[in-house]
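Take a look at the structure below.
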Amino acid sequence: MRNRIWFATSLAVVLALLILALGGCAGAPAPTPTPSKPVATAAATPAPAKASPVASPAASSKTEPAASKEPYKIGALAAVTGPGSSLGIPERNTYQMLEEQVNKSGGINGHPVQVVIRDTESDETKAVLATKKLIEEDKVLAILGPSLSGESLAIADTVTKAEVPLISAAASIMIVVNKDGSIPKWVFKTPQSDALIVKTLVDHLKTKGYNKIGWLSVSNAYGDSGTTEFQKLAPSAGLNIVAKETFAATDTDMTAQLTRVKGANPDAIVVWSIPPSAAIVSKNAAQLGIKQPVFQSHGIGNKAFMSVAGPAANGVVFPAGKLLVADALPDSDAQKKVLLQYTKDYTAKFGADTLSTFGGHAWDCFWVVADALKKSGPDRAKLRDAIENTKDFVGITGVFSFSAKDHNGLDNRAVTMVEIKDGKWVPAK
Amino acid sequence: MEFYQQVLQYLVTGVTLGSIYAIIALGFITIYNVTGIVNFAQGEFVMLGALIAISLYKNQVPIVVAFVGSVMVTTLIGAALQRIAIRPAKGASTLTLIIITIGASITIRGLGLITWGPDPYSLPAFSGDQPIAFGGAAIIPQSFWVFGATIVVLGGLYAFFEWTLLGKAVRACAINVSAARLMGISPSSMALFSFALSAGLGAIGGVVMAPMTLATYDMGSMLALKGFVAAIVGGFTSTPGAVVGGFLIGILESMGAGLISSGYKDAIAFVVLFLVLFLKPNGLFGGRDTGRGGL
Amino acid sequence: MERNGIGKYENYITLGALIVVMGSLPLLLSNSYHLSIMAFIGINTMLAVGLCLLMGYAGQVSLGHAAFYGIGAYTSGILTTTFKMNPWLAIGVAAVFTGVVAYVIGVPMFRLKGNNLAMGTLGFGIIVYIIFVEMRDWTGGPSGLTGIPSLSIFGFTFDNDLKYYYLIWAIALLFLVLSLNIVNSRVGRALRSIHGSEIAAETLGVNTNKYKIQILVVAAMYASVAGSLYAHYLTFINPQPFSFKLSIEIVVMVVIGGLSSVWGALLGAATTTVLSEVLRGVIPQFLKGATGEYEIVVFGIILMVVMIFLPEGLFSGSVRIVKSWRREKESKQRTVDETAIVEPSSVVAEGHLAVEDK
Amino acid sequence: MLDDSTSAVMTNGSLLDARNLRKSFGGVVAVDGFSFTVKRGQIVAIIGPNGAGKTTAFNLVTGVHPLTSGEIHFCGQRIDGLKPYEIAERGISRTFQNLQIFGNMTVAENVMVGRHPRSKAGILSAALSLPNARAEEKRIFEVAMQNLKVVGLAHRAMDAASSLPFGSQRLLEIARALAVEPKVLLLDEPAAGLAGQETKDLAQLIYRIRDSGTSILLVEHDMELVMGVADWVFVLDYGKLIAAGTPSQIQSDKKVIAAYLGEEMD
Amino acid sequence: MLEVVGVSTYYGQIQALKGVSLSVNDGEIVTLIGANGAGKTTLLNTICGVLAARRGDVVFDGQHVTKLPAERIVRLGISHVPERRQVFGEMSVKDNLILGAYHRYGKEKRAVIDRDLETIFELFPILKQREKQAAGTLSGGQQQMLAVGRGLMSRPRLLLLDEPSLGLAPMLVREIIRIVGELRDRGTTVLLIEQNARAALRIADRGYLIETGRIVLEGTAAELIANPIVQSAYLGKGYHHVS
């Protein structure tokens, strides 16, 4: 009997140790707690949730010799692994690059910046946990990202309750407009909303005289949001959706869907997806001998699409931010300088064909916050107000002017039509 | 486009897709027959095959050499997996071994992401991109390569299992391990060999499909899922069964997407497969103890 | 009286210890990050305990358990948003509905065995996932369902992590108790007999099919409640968390914890959840700038290593180690050779005899 | 349950009446037109060389395999076509030639499973541990202990069943089958692998079970045991009945000897 | 040639062999008889390495093979024809035979093995006729011949035969037994397990009676066949008055 009790208690102790290990690892810089002194480790865990949003001097590290002042800690969430990794990795890269740049040039108001990046694994649950860790343990002033709309929606409640500004790098309009039409106080986002993008596309299609549209979209939040917006805007522009098909992001062949679309005999085909599936659709369309022009979405805004779609990419037209066609912009364009600079910096650091608009979203997230921090100082509430009051901020995605009614802050100048011609992005005519 | 042409197109697409699934299914049953393990890392072999070939090709290696090299490297990785992760787990239940393969698949996928990043890659089509018209349906040349690879692999496996001593030894081990040992056949060597062969098969599939389906570090999970289902429908022990299962799923998927609903295509395929299973609980070709094993 | 050498008393003691630990834990972990990890462990425990009953006790595999989780979450979500139903009622309705779904699919499903059953359940999971994605009018499609209300009772709103922590663990522990009761009952024996030898169970009067379906319904209802709690906790759901990937993760939790005990499910859920969070903190300290890619690689390696060295899972594995260690100690005290006690006076029937002797 | 059997027994006194049993697997006929009866209070043995179809006959009676043709009557009712658990509920239980011990349970729990058809707590009352379920559980345990006492394993009740020596596992299977309160108990090679004294004890056990009112159908290779305990012996060879009679009749039957020791070669 | 010394084998905790010792000399047929479950098959499986002895020693030609796995022992020249034949049912008759010589390929000339195959076909003409047929479709007797043939293909110096007559019609039993005799005449040493004690003892040189894991009797075939204990071991006491 004694043995049994001994066993039961040891089981409970093991459980408790596990939990404490978690506390210790997460909180203290030491990688592993000392099992023999669990209580001491737990005590090392940072103070409770209600701590002041000002980075507490005791908790911060002393790793930045360059600057004399306390670092500003900013959290960043990116879908580095999982299905969203083609978004998350350029975002992560951009955050790392900007942190370095800013600190080299003396930080913000003399404070170095520390960007704490967490992977969300493209998973909502993990995103929520990572958010809480950023808020509770890293005591960040604001959170940049996450990459995906679902993740952003999943953590919205958490940041709102904790009163931490969030600048999402995901597309869906639902992130910054609640169901009842109100605006979530603490949540902003930098990518163009699908409404904006779709509007530009619809206008383009209308100008070109394409009335019957065959629509293919990927069955995830990205494709769904595009579909919804398109269905909303198309009728008023006199566009008629003659075929509507979906495919899964992991599908390897869309011939069946295209065959159906082809059978409906549209004037033009629109594909709303990201690579690789977006590229497969273009390839399949070419293979099926589809003569109609193929339009894609801003989801193909990186070189990967071109390189994998090969010749099939040629002639594809899509709405996107100006980043991809920065070269061709008139010098009068406000964004041109910024765009070229980012292109130069990013490709210098990460390689020639690595540029993508997703990194651009991250750039915007970072600088909107950094800019606001200059004015507000390290206070979450003041920072939020400063973000909301950002006006005419020239970013990669567009020129941002946030307001209490608009937490995206972009207008249709942020979108342009781009054509792929011989492996290059050029403005579409 | 006439209706029958559409249907023909769906069929062509289905057969191409099915060929891919079939090769993966063959990889599954190769390991399963010998070891009783459902190898969840099978999709990762496909990914490795495709991406290694692409990397070689990008480094100016001729495509044929890249193909062969990739298959060889992947084969070695398969063998290493068996030696490093499966063999040390002595006395473990099959379920435990299956979880080990899940761990392997997570690990390999993560290494793939580190090595190749998240972007998709492509190989040029082996013989051009110009589609061939076939009764109103378009067939791209790469489809023939994929289909041909399936047939060659099936034929190769048949020849191997029927005509070579090693092949016969593998079969003997699959049929009756203890009797095979009495012939001097070492089950451990056969398990090693089955992992290597299976990885090689996956790699072949990966390389031939890469020009069509593109290759990403996470392409494996979906392909493995479909290949797994194809293998079960085919009875999980039968080589021709796996191929038929692959075709069946490919065609169902494509017909379902084309004729009924693209959103529900996988659901349609699964419902039909259920019906098949209820009518033939051992799978289409499952003669022997399909109920055994793994899961 | 449980089969892995830990019996009723141990169960009660462990349970008591667990209740004390879980009850007092917030004193140590008041930070809402830790509390929500614990809350997710609680939710995962509900999933894993259910699947453990099905896989570990009844010996029936399921690769589609995430579907029940999702059905619970979506039923709750839809009832409380579209129909403005009281959330508590919605959780109940969702559980019953999920139970009915489980029954309806269980009847044909358990005609399948082995790999076919694996495929059947896998297919079910995928079909349900597709329904979440495609039935946009109800589920919001891939964009998800927002505005799910938090839970509240008699004016007391579950509006922070601490409150959810207690709620979730109260329910998780309740499920543990119910499961332990089932396991140590006539029904539990029937289930275990199915796993031990289905043929013997049948000839002893156990309607194996009935119990397989019953336990599937129980596991599904556990998962449903877990899903409902998840939905009300996050106030947002989309199909992503209910995919095939989660089904596999639940299986991994159950196996890594140890199939043969309900406690193993708890341990497995805790280990996998905590491990991935701990790696997040630890890895960057060894590899500067390393993020997700390295974490999943290390996670995969740890999973393999655990399974290689503790093939029967953490729980049974540690029980075995403790026992052999204890036995060693005892045998040092006594000089009696243990084998003498069990020295069998008989010979096994030769070779491998099939039930069939044809 | 034992009492109502008396009325149900058919006029010829046979409790279990198998007529013309036939079973083929694929093309192989394992049991070929085999008929036998077990009367109340009888110990009946089926013998025959390896592969003669004895275990198949057991599997047919207990519903493990469906019949190819033939009929099985038990207490005047047809039971062929019923599920094994339904047959068990009616009062036929069995042991297995290759042991089917529930290795994942204790000795007592193994026997308690045998009480399954004689108890009724459902999953809900079990989960909630309702008083009636707890009371029933207690009774189940008591009966199980009694059955263990009958076979002499009560002292090992709390041990893991898999830790029992082989001979004890055979006894455990008998105790487990007895817990069903069968009217007919089918023993499939209960003496296989038992040592001399154990076999003698087994014979005593079989008598005791018979005396308590349970008829016994026995498949056994140990001829000493069979010839000692059986009231009536059926001999199967290649699925066919080649002889039937009292032990002494069987022992002097030329056909039986040939089937066993091999034919004289010259 | 073969020396088994005090071998004890367990299944888990269950002891199946309790210190069995026996020996087989070159050129002999030794038979091991005993009732079902006495431990005959366990002993053969222990000798050939399918099971591991917990205590005791198996020595073959002066070499300790106790700890070697089955696949290694075959290479030393012990071939085991397992109970219930265990032919590879889905493979052809010829393939089964070829696998019997699995470990010889690469070491010996192809022609030698092919010649052995012809020898087997001479010994079992029926197998030649069914060369291409799947082994599982053969009748029981033919499968048994195939199993023996497969065992011989490894060119064993010692052949372990486990109940070759199991489930066979009497005529076939005679045929099998005749062939065992012929094998010995061709120089193969045989350790034979048989339920059909009379037939086995008729061709054997010596025999052992095994009961519940112990050797209880040994002697020449003639001695054993005359011993009433042998009969009672099979058909029960009080039986030996019938002859």
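Going by the order they are written in, the chains are A, B, C, D and E; count residues from 1 in each one.
Definition applied: a contact is a pair of C-beta atoms (placed from the backbone, for glycine too) under 8 Å apart; a residue touches a chain by one contact, two chains touch by 3 or more.
For clarity, every value in this text was computed on a predicted model and none was experimentally measured.
Between the contact lists of chain A and chain B, the overlap consists of C.
Remark: among chain pairs B-C and C-D, C-D carries the greater number of C-beta contacts. Using CA-based centroids throughout, the chain positioned farthest away from chain E is A. Each chain gets a centre from the mean of its Cα atoms; for chain A and chain D, those two points are 69 Å apart. A separation of 72 Å divides the Cα centre of chain A from that of chain E. The geometric centre of chain B is 48 Å away from that of chain D, both derived from CA atoms. If you average the Cα atoms of chain A and of chain C, the two centres end up 33 Å apart. For chain E, residues that reach two or more other chains under the stated contact definition are 11, 13-14, 36-37, 212. Counting partners per residue, chain D has 50-51, 163, 165-166, 189, 192-195 as the residues that reach two or more other chains.
Residues of chain A in contact with at least two other chains: 81, 85, 88, 219. For chain A in complex with chain C, the residues that touch the partner chain are 1, 3-5, 7-12, 14-16, 18-23, 25-27, 29, 31-32, 42, 45-46, 48-49, 78, 80-81, 85, 88, 92, 96, 117-119, 121-126, 128-130, 132-133, 135-137, 149-150, 153-154, 156-157, 161-162, 172, 174, 178-179, 219-225, 228.
Of all the residues in chain B, the ones that touch chain C in their complex are 38, 40, 85, 88-89, 91-93, 95-97, 99-100, 102-111, 113-114, 221, 225, 228-229, 232-233, 236, 261, 263-264, 266-267, 270-271, 273-274, 277-278, 281-283, 290-295. Only residues 1, 6, 9-10, 12-14, 16-17, 20, 110, 113, 117-122, 124, 129, 131, 133, 138, 140, 209, 212-214, 216-219, 221-223, 253-255, 257-258, 262-263, 265-266 of chain B touch chain A when the two sit together in their complex.
Those residues of chain B lying in contact with chain E across their complex are 165, 168-169, 171-172, 175-176, 178-187, 288.
Taken in their complex, chain E has these residues touching chain B: 48-50, 69-72, 74-75, 79-80, 82, 86-91, 95, 98-100, 102-103, 105, 150-151, 154.
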